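The following pair of complexes shares a single chain, chain A, combined with chain B in the former and chain C in the latter.
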Partner chain A sequence: MFETSKSFLVIRICTILFIVIGIVLFLGSRHIGLVFLGAACVLWLIGEVLENGKKHLIEVLKSGFKTIRLPLAGIFLAFFIGGIFLLITGYQPLKSFGAMIYGGLVKNWHVSILNAVPLIFTALSITIAFKGGLFNIGAEGQYYVGTMAATWLGIRFDLPSLVAIPLIFIIAGGCGAAYNAIPAILKVKTGAHEVVTTMMFAYIARTISSLFIRFNGGDPTLSAHAYITDSISESTWLPTFKSFLPQANYRLHIGILIAVITALAVHHILHRTRLGFEIRAVGLNSFAARTQGIAVGRIILITMLLAGLLAAFAGVTQVLGLDHKMFENINAGYGWNGIAVALLAGTSSIAVVFCALFWGALDAGGQYMSRTLQTPTSIVEIVKGLILFLILARYLFRYFRRKA
Partner chain B sequence: MRKLTVIFLLSIPAIALSGAGSKAVGTAVQERIIVGMATDANGLGDGSFNDGVYAGLKKAEDEGLIEIRLIEPASMTDYVPNLSGLAEDGAELIFAVGFLFYDALLEVAPNYPDTMFAGIDLFYDSPMPPSNVLGINWKEHESGYLAGVVAGLMTREYANRSDKLNDENVIGAVLGMDIPPVERYFVGFTEGAKSVNSDIEVLSVVTGTFTDQAKGKEATIALAEQGADIVIQFAGLTGMGIFTAAQEKNILVMGADVDQNHFAPEYTLTSAMKGTTQATYLTTLDFIDGNFKGGGNAVFGLAEDAVGLAPFHDFDFVVPSEVIDAVEQARSDIISGAVDIPQTRDDAGI
Partner chain C sequence: MWYAILILLILRKLIVAQTVLETLGISKSFAKIKANQNINIKLYEGEIISILGENGAGKSTLMNILYGLYRPDEGRILLNGAEFEASSPREAITKGLGMVHQHFMLVETLSVTQNIILGEEPRSWFGINYRKAREDIINLSKRYHLKIDPDEIIANLTVGLQQRVEILKALYRKARILILDEPTSVLTPQEIEDFFSIVKNLRDQGTSVIIITHKLEEIRAISDRVYILRKGRITGEFITRDVSVVDLANHMVGRDVILQVNRTNHETLDEICFRIDDLKVMNNRGIPAVDGLSLYVKPGEIVGIAGVDGNGQEELSEAVIGTRRIQDGAIHLRDQSIKHWSIENRIENGIGYVPADRQKDGLILPFSIAENVLLGNQNARSMIRYGHINRSAIRNRATKLISRFSIVAGGPDLPANYLSGGNQQKLILAREFDREPDFLLVSQPTRGLDVGAIEYIHNQLITMRDRNVGILLISMELEEIFSLADRILVIFRGRILKEFEREEATMNDVGFYMTGGTHRNSSNV
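Take a look at the complex of A and B:
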C-alpha cells in the first residue's frame, strides 16, 4: 500500500496539475478550464486502473455510486418538501428553485465559491477530528481566533506579499491550533469531553473578538468605523484571479485553490501516511489502537491541533482574501455550517469540497432568488435543514437495518 | 423506499402544473421604476430602520410609483453581491440600510454609475462619496427640541394636571452611546426645555450601550430619585427600560425614533420621532422627479416633515392647548429659521 511505482506517481502528479490548471482557468471565467478538468478525470481513471486493476476501479465506482445515491435522494426530497412549503405559502416553487439554481450556479457562481472557501476549511477541521473519533464542534471559535490573528498581523505587517501571506497563514494557523490545544489537553489528561469544551471555547473567542475590534480601530461613534477594525495592509491581501486573468470577477481570490489543495493534503495525510493511519485507528477503536502500541493521547492531541489549524485557516482566507478587515457580529457561522457540510460529506475530505460548494451555491442562489422573485430566503434554511435531517436519517436508516 | 420514489415522481408533474397555473401573477406590472432595498444582517422586523425604510417604499409602491426589490442578506459577505445584484437586475435606485454598508457602498457604486444609491444613516464627509451615492441623515435636534418644549412646560407650569408630575423643576434624559445623533437629540431637548423654562434643570445619564434594557431602567430610576418627573430616552433598545421604570416610579416618560406609546400608554407622554419612512418616501419621490443628487448627504428635518413629535394619545386631555400652541410656535420658528438649534454640547454651552 505504501509502495508507489514511478509511472503511477507521474500520472497522479499530472492529475493534480490538471485539476489545478482547470480550476484556475475556470475561475478566471475561461471555459477551457472545463476541458482540463475532464482530462484530469480521465487521468484519474487511468491512474486507478494502472495501480489496482480494472476490477478494483469498477468496485470503486460502484461503491462511490452507492455512497452518493442516498444523499442525492435526500437533496431531491428536501427540495421537494421545500417546494410544498413554497406552494402552501403562495410562492411558485419551480420558478423559485429555477432562480435559485440559475443564481447559484450561473449568475452568481463566484459568490457560491466565495461562500464555500471558509466552509471547506471548517468542514475539513471537523472531518479530520471526526476521523480521529473526536467531535470538534467549536470550529467557530478557532475560526474567530484565526480571523483575529490574521487581522492583527495584517494591520501590522509591512512585508512583501510572498513573505507576509505564508507567515500569516503559519502564525494564525498556529494560534488556532494553540487555542484548540487547551480542550485537547483537557481531553487527554482529564477526559473532559471535547464537545463541551470546544463549544465553550467558541463562545469565549467570539466574545473576545468584540474587544479585539475595539482595540484595533473599531469605534462605534463613527459610521465609517463602527464595529470594524482597520483595514489590513494591501501587501497581505491574497491575490485575486483578476490580477492575472482579466476576465475574472474582481472579488474572487485564490483562497479556493488553497482550500482545494488543503483538502487534497488532508486526504493524503489521512489515507497515505502513518499519522493518518494512526488517527483513523484511534477513531475506529481507541482500545484496539492502544493494544497495537499507538500512543492514543498523543494522536488525540495532534488531531485536535490539526483541526484547530484548519479552522483557523478559514478565518485567515476570509480576512486576507475577501474582507480585508474584521467585522463584529458577522452572523456568518462558518464553524457551525462547517459541521453541516462535514456531515453531508460523510467524513470524506474530498467530498467536503463539493459539499461546501453545494452549500455555498444554496446560499448564493437563495439570495439571487430572493432578490429577483422576492421569495423569502428562509426557504433556503428550510431546505438546508431538511437536507441535513434526511442525511442524518440515512445513518438512522442504516442503524435500524443493522439492528433488524 | 420504492413506494416513496413513486410518490415522489408522481408529484413532480403536480407541482409543475400548479407552477404553470400561477404563472400569470406577477408579470402584470411592468414599466414601473424598480427600487431595490438591501437590509443589514438584522433584516425586516427590527422595529427600526429596516422596517421604517420598507414602510416608506411600500407607500410609494401602493401609490403605483415603484416596484420594490427587497433583499435580506444571510451574512455580511452578501452585502456587496446584493448591492451589485440589485443594480444588475435593473434597480434604478437602491437603499442600503445601516452604517455597516459604509464600505460596501463605496466599493459597489463606482461600478454602476447609472444606478443611484441611498445609504440610510450613513454620513459621508471624507472622502466625499461618488456622485451616485447619497448619505441620508436626520435633524434629530429638531424633534428633540419639540419634546423639550413639552417637557419644559409640563414639569412646572402644568404639573398640577397629572398626579405623575412633582413640584420640582427637573427633567431627565437617558442616553445610549454618546454618538453624534444622540448628542443632537439631547442638545435639542435641553435647548427646547430651556426656551420655555429658563431655570429648568436637565439631568442626563450616558449608559454607553444601545442594547441593555436593565441599564436603561436603572438610569431612569436614578433620574427619578433626583426629582425628574419627565424622562426621555435616546438609547435604542436600552431605552426600553424607561417604560418599566416609569411604572415603578410613577413618572412620565417620552420615547424616541418611533411612536413608542404602546410600550406603556399610561405613562408615555409623547415620542421624539425620526422618520425613516418619510425620508425614504421623499428620497424616492425626488428620484422619480429627477431631483436625486448624489455625491453628498441629505439631511431631513421638520421642514420635510421627516422628524417630529408623536401624538399624545392618552394625554390629549392632560396636555393643555397652551403647550400645543407652544409646540406649533417652535415648529414654525424652526422651519422659518427664527430659531437656530445648536447641534453639539460645545455649541450649546452645556
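Take a look at the complex of A and C:
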C-alpha cells in the first residue's frame, strides 16, 4: 500500500487535515470553514477514484444514495406523524417544528454540537461491536465508568494540560475497556450473552456512580453539593475554540474534533486493517472465520474492549470538555441514545457523525421549542421513537422480503 | 362366475389396505435448487415406510410440505382419498398427521403430562383438568405399550424417553399418520431396539408411520417399504424384504454417468506427508464419532474416504483442521505433531481445507471476492503489512484467481453471495490452491453442483495431485471417489473398515463395506 499509492496516502492525509481545519474554523463562526469542508469532500472523492477507479466510485455513490433514501423518508414520515400528534393535542405543528429547526440548527446550533459529541463516541462503540456481531447494549455503563475515571483523575491531576489530557483519555478509556472485559470474558468462556451482561453492568456502574460522587466532594449534609463532585483542575479542561478563535461560542470545546477524528479512525480500522477485517469476518460468519484461522474468542474480546474504550471516551469528553465535574442523575442517557444513533447510521462509522449531529439537533431544537412556544419536549421523544421505529421497519421489510 | 369375481373384489377390498396418504407429482424449488421434483409416494394404513436419502436429498422438504410448513409449487396431496392442503402444522395435526422432529420440541422444565397436553389441554371449570389429562396419558401409554411416568420432568428423562413423549404427544392428538425425522440419530443401541418395537406396535394397531433416515440397517430392521430420494427425485421404491442393503446404498449414492476426468497416472512419492494415528473425536453429544481411525496420505496421491453420511466424516475433517477437539490419538503433518497447533498455524504450515458446507465454513458471503481471497491469508505479507490491508494487492490477486479458475463473476468487488454454488466452490478451491498447501483436505467438493462445475473441480484436484500435493477426499458420492482416488478407504462408525487400491476396488465391494460389511449374504440374493 505504501509503495503502490503514495499519492493516495498524501491525498487522504490532506483530506483529514482539511476536515479538521474546516471544523475548527466553522465552529469558530468563520464561514470559510465550510469551504474547507467542501474541499475535503472533493479530495475524498479524488482519493477514492485514485484507489478504486471511476466505476467503483459511481457504484459507491449509487449504493450510498440508495441506503440514505429510506432513512430520509423515514425521518420525514416521522415528523409528519409527530405533526399529527401535535395537531390532535392542540399545538401548531408547523410553528413548533419551525422553532425546533430554528433552535437546533440556527439559534442554538452549538448546543446541537455539544449534544452530539458524546453520542458520536457511544454510537461508535455500538457500531464497532455490531460489526463484530456483538450488541454492546451497556455502553451507558462504560460511559459512566469513563466519566468517573476522568473526574477522579481530573480532581487529582496537577500536570500541564498537554500531559494531563491525553493521560486521562488513555487511563479512563482503559477503565472503560477493562469494565467491558468482564462481560467479554464471560461471553468467550461461558457464552453468556453480552446483551444481558453488559446491561447488568450498566446498572452496576450507574449505582456505583452515586457512591463515587459522595466520595469526591458530594457532601450529603450540604444541600448544594450533595449530587455534585468537586471541580476538576483547570489544567485538565479540554481547550475551547474560543481560546484561539474569539468569535466562537464559549462552551464549544475541541471534543467534537476528537470525536470526528475517532470516527475516521474507527472507519479506517474496520475497513483497512487486519484487525478490522477479522472483526467483520467474525461478525458476519464466525464459523468461516474460525475455519480460516481467525481466533474468534480473541477477536470478540478485542472488539468488546474497543467498544468499552470508545464509550468511556464519551464520558471523558463530557467531563473534561463540558461539565468539568460529575453530576448525579443528570445525564442524557448517552449510552441508550447511542444505540439509536448507531441504528440510524446503519453501522457506518462515518454516518454515525451525521446521525449524532442530527440527534443532537433534535434535542437542542426541542428544548428551544419548549422554551419559546411551551410545546412539550416530549414531542421530540415521540419523533425520535417514530424515526427509530421506521428505520427498524426497514430491516423488518427487508427480512420479510427475503423470506417470501 | 360373476359371484366369484364379486367375492374376489370384496376380499381384495378387505385384504388390501386402504391408502391413507398419497402425493401426486409434488415439486418444490428454492431459488434455483429443485428440492423436490415430481414426488409420488403412497402410504397404506398400518404400514411403515422409510424415506431414504442423503443430507440435502430433499427429505426434509418433502416432510415439511406434508406437515404444512411449505406449500408445494406443483402437485397434490390426498389424505384418505380427499384433497389435502395443510397451510399450517396445526391444520395438519387436526387432520391426523403427527410429526416427531429430529430435535425434540419439548419444554424441558415441564412435566411429561404438561408437555403432552400443551396446546390441547382438557378444560375443567377452573382451568386445566390435569386429572383427566393424566388418566388419558396413562391409558394411551398402556394401549401402545409406551411406558412412561406422566409426572416426571422432561429434563430428567433420557433421550429415548423424551422421544417416547414426542410420540405420545402425536398420539394424544389422535395422529393416524406419524412422521419420524431421523428418529434413531440420538438414540443408544439399546434405545433403538426399544424404539423399533414401539414403532412395530404402533403399526399393528393401525397407525401408519413414515420414517425419514439415511441409515440403511434400520430400514431393513423396521420398514415394510422404502422410497429412495436422491437429488430431489424418487430414484427407487422397494419392498424392504426384497432388497439388499447394498442395493439401497447404490441407489442412495447414485450411479450417474461417470464424468470425464483426465486422470493420468502419477507416481506418488515414497514418503508420507500426512498421517493420522488412532484418532478419537467426540461428536456434539459426547459420543465418539471418530473412534480409533488411522490413515496416511503420500504426496501426489488422492486418498478417498467412502462412506455413508454420518459415520464420522464431519468430525474427522473438523479434527484435522482444528475446529474440533481431539480426544485421543495423533495427527502428523510431515513429521510434526499438529495436535496442539492452532488453526492459523495449521493453515500456515501447509494444510488446506475445502469444507463440506461451503457457505457456512468456507466463505463469508457478504464479503467481496477479494476479501474472501484474503480470508485465511491474514498472515501473508503480500496482502497485509503492518496490520494494514493492501487493497490493490488483494484485488489483483482476486482478479488473477477469477481468470485462472474461470470463476464467472463481475469482478473482485462482487460479494460472494452473488456467485452461483459452483463458482463459490471454485473460489474456495482457488484460495486454497493459491496457498500452495502440502496437504489438502477436501470434503464433499461437488455437493449440489452441476455437471460442468463438477468436472472442472475434479480436474483441478487432479492437477493439484500432479503437483505432489497429498489430498484426502471425503465424499458421499461413490462415483466421485472412483473417478478421483488412488486409494479408497471405507469409513464405518468412525473407523477405516477396509482399504482398497484403486485398481482392485469395485463399486459393489466398496458399497458392501460402507454398510458395515456384514450383509454379504443378503447382497448375494
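As a convention for this text, the second predicted complex is superposed on the first by the 398 of 404 C-alpha atoms of A that agree within 3 Å, B and C clash if a C-alpha of one lies under 4 Å from a C-alpha of the other, contacts with A are read in each partner's own complex, and residues count from 1 in each chain.
The criterion applied here is as follows: contacts are C-beta pairs under 8 Å (C-beta built on N, C-alpha and C of every residue); 3 or more make two chains touch, one makes a residue touch a chain.
Owing to the predicted nature of the structure, the values given are computational and were not obtained by experimental measurement.
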| item | value |
| --- | --- |
| First (chain B), second (chain C), both or neither touched by A:Phe287 | second |
| Which of chain B and chain C A:Asn108 touches, first, second, both or neither | first |
| Contacts of A:Asp363 with chain B and chain C, given as first, second, both or neither | first |
| Partner chain in contact with A:Leu322 - chain B first, chain C second, else both or neither | first |
| Chain B versus chain C as contact partner of A:Arg69, first or second or both or neither | neither |
| Touching partner for A:His56 - first (chain B), second (chain C), both, neither | second |
| First, second, both or neither for A:Glu278, with chain B first and chain C second | second |
| If touched residues of chain A are counted for chain B and for chain C, the larger one | B |
| Set of chain A residues, in rising order, touched by both chain B and chain C | none |
| Contacting residues of chain A [partner chain C, same complex] | 1-2, 4-5, 51-52, 56, 59, 272-275, 277-278, 280-281, 284-285, 287-295 |
| In the complex, chain B residues that touch chain A | 8, 11-12, 15-16, 18-19, 22-23, 36, 41, 68-78, 80-82, 85-86, 89, 99-100, 102-103, 121-123, 177-180 |
| Residue numbers on chain A that touch chain B, as the complex places them | 76-77, 80, 83-84, 87, 92-95, 108, 111, 114-115, 220-221, 223-224, 226-228, 251, 322-323, 327, 329-333, 363-364, 366-368, 370-372, 374, 376-377, 380 |
| Touching residues on chain C, where the partner in the complex is chain A | 321, 323, 342-348, 353, 355, 360-367, 371, 374-376, 378, 384-385, 387-393, 413 |
